[in-house]
């Protein structure tokens, strides 16, 4: 039964699977690995799965463009949850392999910059070749095509490998953010520490349109958390913007900012409001932007329009 | 009965009286001249009059500070109507006086800069002394204290004088704007060509507060028509701003801008929304700022928050 | 010899004279009272005086429009000095007059709102009539035309009067700011606590022009101290802006802001940079806006353009 | 001799090589394919090559993050030239292969979304596997590992393949922009249609920092062409911005904007000013932002500071 099925960017043994397993409800769902982000999301669109977990951003590599673009186009999806996962690689080898035996290494292209310094220091002569995923790299080591693979330590067991070196990461605090996307429905309930995701198309792209986009948020004291330009596909120099802001669509300041964007720009896609993961502290509210400030200002305007106040 | 009484800045024969008489309802009201703007407005505050007509702005001399300050402080009043009057002076003299007889001239201090060039050209040796009002100047000519007074041509009859020269004005198109103020009640009905008046106190006056004030309007596509700084009386460098914008408080964009001001600044006084006088054309609306754009954006946000749209 | 002559807004005994006498060089100048602000300034324009001291702003009454408009138009003048004077009035009477004898009082129209509350409390039945200046009011008391005049205590001796009540002022900390204007020459030397004065015409007055004006200052971290709209005389709704900002034209941030205004607006008149009077503390500089920050940024750009830096 | 050697993102037969061969000087250089963008650029840093051509942006896929990140960090490099290349794929097969024979296809991951629709329509059952480059995919077809590869038609000859289908591209007008990077030196000469590239680190990332970045450009009328956020590697939510603007560093408006960025933000890296490729028309200059407007405004400020103008 699809409602109990979650897809994720597979294969088994990827960081995405590890992230998915941090969600309590994962224990009672059928978890199905898919070959790509589009495949994972299309299963949701087609009704074959209730939700899909896909990576959206890495603190070293940046946005996951496949996810950004899939969410921006096609049948609408919405984000209901995010998961933050610390990323550290293990060097997985067939049992018995020594560091000095390693001539070829593999891993997902995204992993490469995160282990580049380690490789230069410890395996300067090993040849890197990319694989379709970290888990796929592990499988190729199992099959003997490469001597070692960078992957999550949790992938070792799945592929009968052992972690020769653990906790490899060039950047301190490398993290990946994953999102759980489903078909459009009521957004996750407001928690007070929320994130709202949008895609905004600037239209005729006049100089200053991006400035206007930011001002719609700034005018209401809504802080941006992330902004990424993505090509619209209409030609070089035409962009839309994938944006996350602090707060929930039911926060008045966020609702008014969204109204401003909707009025100003030709196309806005709402991708959901959902609880923020991680220890990030929410920025303090700018004075005059709390819900109660909005409510009392709206009441004042209503009284003025009614002759009951000045 | 007070409801039928209108006060105005007197004495009889001023431009203010002329402006008041352009209002159709003036024909059925008792029109009472008062010695000053504060006196005219206090009669309204005290319930002795239903409304008061006072000058607020002159296209040559600028804002009438007594009016601006009276409306900004004290018991609240609201503006329900504006009148624009073209200002041209007549040189009033006792019958028989020739131009060459004139050694002394008088008039309200505000009149002086508007006839300065004419005086320099035609009466270079005449001595100017200010009077409390143009009409008062006419009275002083009647009493023989001055040889001539600048006043509205309509004041001649009242004081037994004759207009020796008519239509004197240094600036082409000199106009004065008058406002009809009453006690707070429901604003005048929206006409589609309206003006909204406010006073905003910036509070701690941090650098950039005025910029924020303007941005509250700009963010909603509301055009400013007039802005004047006035001292708050709390010391040099402390100002509030008297502001007129296009539109009516029931226009969504104006309402949202007023909400933004109310949330952002420590004190805002609403002085009314009322029909614009004169042939000034209203600026075209910026795309996305019509009422229907606001309504459909609000509906979209509501649908998003409800799970019914993406 | 004109170079040794300073004019001021007379007559003798005004606060302007008192302000002028606070300047050390006043001791060695011939001080000539003039009947009006235009007359005082025209004497400088005509070469009959080296400089003129005129009031420009009062912390209760706001800008002195005659001064603002005279400096904005006509042959250019520049401000070299400012004087801040605390304003308190004395009630001047002929010797022997008692409070209970006073039926009529006079004073400059600007004085009236500053003593209004005092009058209501102590002389509720006295009739107020305006005089051309506070000193002129004193003269009219001397001549017996009024029973009492509000003026500076220092004016008593000049007119053979005595101060019946001293230190009258409705507003705490009432101050008037005076400026010493001369023909255009090199501005006063930079002191580190300076004020720069300008007049900016917005041109076709498109919505948002005032916002752009403020942004030219904000973009360089230059704080506004005062901004007043003044009609251009071209018709209702056409304004120029009289502006004071912190800093000296030779401060890089001020120079760049002035360049921005000059490039953006059809007309800008520079009215001088001069030392700030009074205990007002200068706002702290925004990071990155000191002269050294400007110099090193300019050097960096030059190096980049030259191939010597990246 | 290195000065005559250009590296590029290889292997032979990639679009990058095709782009490089559009440069006239390529005819007289030794063109050396490298296995990765970092390798191509490091050869320049090490002095083994004079310049490297690497892809930086694709109108369908967006920024090439390896290039953006390599230019933002490490030993400084500068861009001296850009090349725009229309992207269309050929389906390369071993001679004799029919469409119905094709079970497996390969190509660079970036190619996949650009041929996705074509694949779904014409080879719905073929299995896609990514290769390290389009050219590498061609080689793997040559070796028999896959049945077909998507690559530039020009790659067919190199690998003994033939184009079974030509001009495949899901998006009309797909283009890739390549940049020629060298060691820091004097920027390319101004042509009047130039692009300037920068990386700006926002520092403590306070809300509104991105708005300030945009305003530094907007305040001088400099149009942004591209902006991409990239993680700084210091943790989730910390970004720098890779920015292209119209104009040349020696354009006054661009120089002043760069100064503003340098003063305001903790770190700015100048990546060069160079001629724009392609038929894109340059935006019209905002009034007041031409070099002559800057020069005359600077002269005016200098005259004011010198006493020679008002």
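The first chain written gets the first letter, and so on, giving A, B, C and D; residue counts start at 1 in each chain.
Assume a contact is a pair of C-beta atoms (placed from the backbone, for glycine too) under 8 Å apart; a residue touches a chain by one contact, two chains touch by 3 or more.
Everything quoted here is computed from the prediction, not taken from an experiment.
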Inter-chain centre distance, chain B versus chain D - centres from mean C-alpha coordinates, in Å: 59
Intercentroid distance (Cα basis), chain B paired with chain A, Å: 57
Chain A-chain D separation of Cα centroids, rounded to whole Å: 25
Two or more partner chains touched - positions in chain A: 215
Graph class of chain-chain contacts, one of line, ring, star, complete, other: ring
Full enumeration of touching chain pairs: A-B, A-D, B-C, C-D
Residue ranges of chain C touching chain B (in the complex, touch as defined): 57-63, 65-66, 69, 84, 109, 113, 129-130, 132, 171-173, 175, 177, 207-208, 210-211, 214-215, 218, 223-231, 233-239, 278, 280, 283
Residues on chain A engaged by chain B in the complex (per definition of touch): 76-78, 184-187, 215-216, 219-220, 249-250, 255-256, 258-260, 262-264, 269-271, 287-289, 293-294, 296-298, 300-301, 304-310
